[in-house]
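Chain IDs A, B, C and D follow the sequence of writing; residue 1 opens each chain.
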């Protein structure tokens, strides 16, 4: 009988039908970031037992990104439905065995392949509608990458506005964003089918190589976080803005490592 | 430190943010089915080693469904973005240890929660755009559930039309559809992060209870299957129509059982 | 040179490319209605000079509808992308020369052909995302058309939730909804290209024939109306609920009549 | 009684609800163009009687564009759902009283405000799903604006792929694209409500000012045009590629002029 092929479901004879082909995955994108401080207890409540609070324990980074991605042959960007996607991410800081790390606690994306690719890397992706201002070089219908350039970004889910962010550029940044700077420690998780304990719950790191970053702009930022019955974003409401940033970023993801299995199994909530 | 809650990612302090809450999951839907025969080798090529060909080895069932789903509290259907979705499924028959089973080999859906819920049950879901005629009881802008009622359904992915199905009702059906009648044996699969072998690859069954089925209509059917660089549907092109059906169906999913771990690990395709 | 054909743009040699084919247009749909009273001045502010306030001058009807539509050949419902659409409408009452009329002051729809078909009839359609509970006859994942059946509907535009409506059915209704009962007097309007005065601004009626209505359910209703920088819905916020309804409706639109040209030209707002 | 305000429907007391605010409209966008020759008779069949064939009568330009647009206050680009849209256009050449002109015969767009703005200017817009490669400056997941950069663009409508275009950049272009270079003569058209003759059918020009164009890249191009029951694109299938281009463009639209009323009224097609 034929061997089935694929990196992900659906497996198929030729391995062309899989939603997610195997790494390496190449990424090129533009990103708008707003860093702010919220109630530190709200951040700490989002950390698994294996992590300790960061030195700046209430710091949060909301990152909007407009990506193209592809595998080695690059054909995806010629049929760009299969390459382009936008996402909105919420990062917090923490420590693992004393070393600073960062962690993506919430993330929304607008394509299926990017959602599964996220789950494989421990990004807890859900679907959302994301919009971001694009810088322009001609005309008056957009911001310039220059002092005074005004950028906006929005996240909505199920027709509810969840996040609105704005950054007014002032200058090139010497330091750049800080919250998402340390190594990422996300958690892969997948439900078991015959019980409420997960089949898979492990903390992982990622290996990004060939990183390229444009000059980073910084500026005055503003951010609003709204509520929904299907989210817990209200807990992370901003108390103090740290700053805003805009830059382009490219890298290649070649896999990662499992740091440790999470010891404490979660208890699934029933019917919530 | 706080305990994180949820049946799926994202885990959160209150367990409200998870994309997929724990079962039971209730479903009510309408479905249009077209059964046909294709080249039996194309069906057999889609079966894992643990399964043998069905007695009618080239039989295929394409099922379009328009669902509402909810958990026990039922609030999802009052905010119907979180309850309604459509999907298109391709089922084939097989045998497991001599007993007839059925298996979903391809499936497309238009909501994120339904996509993850599918992966947890071994449905290889990807995103697609699905449209189905709805029967009407007033006016002229739709088919009646009566002899002569004409129904159509389409699946498109990434702006490419993949399947077009039509059923012209003739009468109530005594036998109903056959291909998807035996117990379902799907395969759960989730990639490992530190190698190309899967972290999870196991054959499972599902436990649906409280099943309710409307009277089943049958009729003349037609189906067209188109090609795409991201699919292997051409292999399943129709050689002979078996029949078409339309009915409503409701049930509750309370979990399932793992039948066995797949012995032969798949080889991930590289950069496809 | 060849004659160009079509009822609307784009005109083409065979007349098949037009976004909107000529009437008659057949409709079959399901609708959820919530009637309430708002500040009468807010309703009166939405009436053109040719209309007088209704006897119940603050009455508003919010109607959610899930439609199929087609032309005489009916092929659209077999390729249902071209037949199905949902819309949310805000109706108010008024009088024309002493006779009660109703008028659609705001309306959102999710398909292009329905948007243009609305403009042609004087419906001021914009794009929106609409979701409505569907009644079920099997299973637990939806309301039954029976006492106790709970229905919900939502409208969002640009990722902002604008309206949330709920109706809990109590019984069949003897009177049915009232606000949208009198003849409709909408206003067609189309901008001039070489000045800010409209090229077209006329009050029209519509001729619906072959009307069929299902039994009408009524029940307890609730409705929330939210704000947006691109809307003026806050002015219509509910002060008192009148009632809620659910029913199916079919009809055929064969054209209409121009009642009169609006005398007072509007002044276009600049850059708003 | 209150005065209603707005440049388009819906009119409202404050004039904020209109789908389309008054000009000036500012645009900044990126565009990919493929010029080719088709059967000249197919182009001529798309010209109204008032126009004569161009000197290169079968030349066609397919233009994909990714826009931001705004009014004078520029707030739309900070809530980018209301600013960003993509479109795919089909231009042909012609002559008016002996002078070369160009004309948009088909166009698809993915936002409602852009659809109405098009109709006001005589662009025969319908809804479509458009995707275009974006040039990158970092990473490997997209083309560079440099020799060898590979760009792709696709148009789909109702889940049917209609156009696929590719351009492989070779060098900066001295001449740039030609087909859409002469003044635009489009036709505004709006149906009457009480007969099948149009209420409005006039040829117009547009006044774009403050034009800014980036350097223009040219390259080898390929284009495929597919069929649909709702289009007449097959008539325009490519016989010979002229060339491909990529550039950015900004301008401000301040209105236009009516050239003449079309003398020959179209005959609406019935139920097509």
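Assume a residue touches a chain if its C-beta (ideal position, glycine included) is under 8 Å from a C-beta of that chain, and two chains touch if they have at least 3 such contacts.
No experiment lies behind these values; they were computed from the predicted model shown.
Chemist: For the interfaces C-D and A-C, which has the higher count of C-beta pairs in contact?
Modeler: Of the two interfaces, C-D and A-C, more C-beta pairs touch across C-D.
Chemist: With a Cα-based fit, what is the angle in degrees between chain B and its identical partner chain C, given to the nearest 5?
Modeler: Superposing chain B on chain C takes a rotation of 180 degrees, nearest 5.
Chemist: Determine the centre-to-centre distance between chain B and chain C, using the mean Cα coordinates as centres, and give it in whole Å.
Modeler: Result: the chain centres lie 35 Å from each other.
Chemist: Could you work out how far the Cα centre of chain C sits from that of chain D, in whole Å?
Modeler: Going by mean C-alpha positions, chain C sits 30 Å from chain D.
Chemist: Centroid from C-alpha atoms only, then distance chain A to chain C, rounded to Å. What do you get?
Modeler: Inter-chain centre distance comes to 40 Å.
Chemist: At least two partner chains per residue is the criterion; list those residues in chain D.
Modeler: Chain D, residues with two or more chain partners: 79, 81, 129, 131, 154, 158-159.
Chemist: Can you check the complex and tell me which residues of chain C touch chain A?
Modeler: Touch residues, chain C against chain A: 129, 131, 154-156, 158-161.
Chemist: Using the touch definition from the top, list the residues of chain B that touch chain C in their complex.
Modeler: The touching residues are 26-29, 67-70, 74, 77-81, 83-84, 129, 131-134, 136-143, 150-154, 164, 166, 210, 212-214, 248-252.
Chemist: Can you list the residues on chain D that touch chain C in the complex?
Modeler: 1-22, 24, 44-49, 71-73, 75, 79, 81-82, 105-107, 111-112, 115, 119-122, 124-127, 158-159, 187-191, 193-194, 196, 199-200, 204, 229-232, 235, 255-258, 264, 266-272
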